[in-house]
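Labels run A, B, C and D following the written order; every chain starts at residue 1.
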Amino acid sequence: MNSPYYTEENPHYQYVLGLGDDALILGQRWAEWLSKGPNLELDIASSNLSLDLFGQADLWLTYAAELEGQGKDSDDLAFLRDTVDFRNHWLVEQPNGDWGMTTARMVMFSIYQFIRYERLSKSSDVRIAEIASKAIKEVTYHRRFSSEWCMRLGQGTEESNRRLQTGFNELWRFVAELFETPAWERALAEDGLAVASEDLREEWDQAMHEIMDAAGVVRPETTGRVIGSRHNGHHSEHLGHLLCEMQFLQKSYPKSSGAVW
Amino acid sequence: MNSPYYTEENPHYQYVLGLGDDALILGQRWAEWLSKGPNLELDIASSNLSLDLFGQADLWLTYAAELEGQGKDSDDLAFLRDTVDFRNHWLVEQPNGDWGMTTARMVMFSIYQFIRYERLSKSSDVRIAEIASKAIKEVTYHRRFSSEWCMRLGQGTEESNRRLQTGFNELWRFVAELFETPAWERALAEDGLAVASEDLREEWDQAMHEIMDAAGVVRPETTGRVIGSRHNGHHSEHLGHLLCEMQFLQKSYPKSSGAVW
Amino acid sequence: AENEAQFQARIDAEEFIEPKDWMPEGYRKTLVRQMSQHAHSEIVGMLPEGNWVTRAPTLKRKMILVAKIQDEAGHGLYIYSGAETLGTSREQMVDDLHSGKAKYSTIFNYPTMTWADVGAVGWLVDGAAITNQIPLCRCSYGPYARAMIRVCKEESFHQRQGYESLLAMVKGTDAQKKMVQDAFDRLFWPSLMMFGPPDSDQPPSQNMKWKIKRFTNDELRQRFVDATIPQAEFLGLKIPEGVVWNEDTNHYDFPELDWDEFWAVVKGDGVCNDDRLNSRRKAIDEGAWVREAAEAYAEKQKIQQAAE
Amino acid sequence: AENEAQFQARIDAEEFIEPKDWMPEGYRKTLVRQMSQHAHSEIVGMLPEGNWVTRAPTLKRKMILVAKIQDEAGHGLYIYSGAETLGTSREQMVDDLHSGKAKYSTIFNYPTMTWADVGAVGWLVDGAAITNQIPLCRCSYGPYARAMIRVCKEESFHQRQGYESLLAMVKGTDAQKKMVQDAFDRLFWPSLMMFGPPDSDQPPSQNMKWKIKRFTNDELRQRFVDATIPQAEFLGLKIPEGVVWNEDTNHYDFPELDWDEFWAVVKGDGVCNDDRLNSRRKAIDEGAWVREAAEAYAEKQKIQQAAE
């Protein structure tokens, strides 16, 4: 049963919007680490990740706005939608938690992004292929950075292994949703334009298997049930609070009132 | 040197607005404790305090809106202003911190409110006297509640005394600002309408002296310098983040667009 | 066995069993489990509403929500103290909640995604709870029945306020109407699951015999659906697929619930399972030093008074 | 004493002193104090900007601010490692910061109340820092001078971006113009205090003799005022009371600064003193287990490689 926010219209726009929202929300979570990291080197690393992700978000959301065809720009999409209009995966909107939770999330998602971007760089849509080919260079670093920290924490001390394991335990419930594939996404994939999320599952499982074994952490079991869908505008409770901070200025001094930033 | 937000116009409105903002922002801080308290009894106490304060805020802000004379209501004032338009004391906008910080703040401010409301219940403005006489019954409980907890923490364990002391140490910098008295407030006081904040100092110092000695905590020294002023629209960095959460819905679905709650 | 027969006779005679009366161990166990699960649900139920208390759109809605959360904490207290009369301490029950041993109603593992969810929780979740609790006002165990009488009164007040906030929103913008429809679509089925698994899954329950339970899960669920669908229509909402008025039975027919989803959430796979338990653990852990200080202080006072 | 004379001769000959060269204990001490205070200011300076990074109004401004904060962390790193060449470890310097022993520039104890403050910090605070740092590029201690050359380049880039964001806002709504005027009014005087107490308060400083300091506090402050006021006028801002162009001296006259405020903030009474130190301590304390894990892992790798 689909929600009032579900639509099969303009799937090309919806697909690109999802890529943009993933990068935007994860970029915001990494920006929250600035000046709060375990040391200066990690504050610098967090800003690198955040900058890459905001850059990707700007490119995807600019293209999405063009595909939507209502004269919007990337800022309109980023700052004027409510949770029900966002199409990011639930994993990226979860709070950072401690460095163990943050590392677990980034391992899970940077591997997913790497595999997705690898295929998208061969997309039949030249614009998608272009953005993906640029982004995959950055995501290669994201994957290496988070995998290295996964090893340090997994094999470091008993406490760091415990915290990393807790991160995977609490985030694993969001794995199934990474591979949810609505019919319109499958159709786009058949045209070579997009990638069907479920086709990424095998390679992702394989890569996760390797890094988690090497790091000495156990794969949690979950029923794999996805209750709700981001394509229905559904999200966890965390996205709404993130938007309160991110969107305050544009909503308090709307473009329509002549505000310029 | 006054800021672009300083005005000597409609002091009667500004004074009542300040009373409303103090209650509103402190009410929001107490609402943040709901379901997060050390036990169920304190969750119930926090909701009592929060309810009382929101009730006072509604009364003061409704009256302030009338005095402003621009057809606004208490919600317009609470949900549509930015930090520069708020006139609450800096002490009430500080984060809750732990139960020690929260207790220190509430001791400092409930005693201030008690003394202020005691005098305002004899205001020449019947409306102010009415609201103050109702509010002082509630604030009497706020004062007793926070003083009891000040004793428990101060005389309880070495750790609770340390945390309570840290609360006073970090919040004491905001004491001087409680007694800042612009010329227009002094003029209103001379008409018997308002109370000049600096006239509350002596009684407040005396009451604080007693409770802090009894609780076994030391009065921190500060230079008493107030840098900036709430009458200039100046605040600490914490009010802005509080408004992001509090105002999200009214700013995302503006009354002007026909939204009804 | 002789006790047993006498006890059953008192139940059949509709007498209330009191804490000091003799009772079979099974009766005590099932009541402690049910009352502690009920109290846990009240406490955990504060969290999805607490998620919006700082963002309520008006001062009036804010105060209504704070008062509702306050009552839930109060309900939790009565029911915990009711359960304590059966010999288990509140601390023990709360430990079981935090260790995951004790359960709470699965509905609270669903996220309150929008402000309309807060109204829908009041309308649907409090509505289902009331439908469940009215019969409990005549449950055979005295302390539980008395707690229920008071809880029902306050909860019907909250249910009306939840429904009333949706009534206001459906008169607002299209975006608000959509929000209410989505909240109803999402929370309707999980609130039906609050009545527990279908009777077909359940062995004829001892609880009915002991008059802890007066009606079966399906009977109460049907009563709730029949009351709720007309209210949804009054709000102008689209009715969920498969829910159809049956002229003959004078009830609404509705399709089989998705019990796989129910058991997945019971198992811990709901979107908010971890958020809820982590919040409860965090509140209790970070409050430990406060409770210790209060105890130490009370001790010192006692010693002082004794000395005077 | 013979070393001393030789050392002074090298200074007078504009030679760079390197870590391995002989230096008077006073020279080492004052450099460690100044470089660590400079590094601390870069680190603590990340916090008032970090306060707005999650609320930047556009993606472009967000990325510019993230890049600025990143560079400040980088500057902090160079300067700490520069100071380490004088024999004090970064951990020791950071401990002194957290214990309150070591200071950082008082400007960072002022709150960034609005988004316009972020632009004003870029324009005024980076501007004052650059005015201070250009002469440091020829400071007698080699590692410090080389760090400054790189820092100055990046900071002038950030200063322009800060000014540019205010240029955009003054073309916006009245509310935005007011925000920029208020930010300028509030941050102008504290940024003048970044140059330190007036020369009249200072004994003729050994730092000048050792060519660590090339110009006096008042000379640098004057240079900054003369550069900043025209920029404020270009933004259409009202100029602070008492700041008047002096035809004869070809400089702006400006009133005595409020040094009581300066010393109150140094003493810890600024609005944000506690917020800043608490944030730094929290980051380092909560990161301890991460650093320990990284060390333990590196150890295991070494042992493993040695075994191969």
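Definition applied: a residue touches a chain if its C-beta (ideal position, glycine included) is under 8 Å from a C-beta of that chain, and two chains touch if they have at least 3 such contacts.
Predicted model only: the values in this text are computed from it and were never measured.
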Chain D and chain B - chains in contact with each: A
Averaged-CA centre spacing for the pair chain C and chain A, given as whole angstrom: 35
Euclidean distance of C-alpha centroids - chain C vs chain D, Å: 56
Centre-to-centre distance between chain B and chain A (centres being mean Cα positions), rounded to whole Å: 41
Multi-chain contact residues (two or more partners), chain D: 55, 175
Residues of chain A engaged with two or more neighbouring chains: 82, 240, 244-245, 248
Touch-based graph of the chains, sorted into line, ring, star, complete or other: other
Those chain pairs that satisfy the touch definition: A-B, A-C, A-D, B-C, B-D
Residue numbers on chain B that touch chain C, as the complex places them: 28, 31-32, 34-44, 47-48, 50-51, 54-55, 57-58, 61, 74-75, 78-79, 98-99, 151-153, 155-157, 159-160, 163, 245-246, 248-250, 253, 257-261
Sites on chain B touched by chain D in the complex: 1, 3-5, 82-84, 90, 170, 173, 222-223, 225, 227-228, 232-237, 240, 244
Chain A contact footprint on chain C (complex, rising order): 48, 51, 55, 110-114, 175, 178-179, 181-182, 185-186, 240-241, 260-261, 263-265, 267-275, 278
Residue ranges of chain C in contact with chain B within the complex: 43, 46-47, 50, 53-63, 66-67, 69-70, 73-74, 76-77, 80, 115, 165, 168-169, 171-173, 175-176, 279, 282-284, 286-297, 300
Chain B contact footprint on chain A (complex, rising order): 82, 240-241, 243-245, 247-248, 251-252
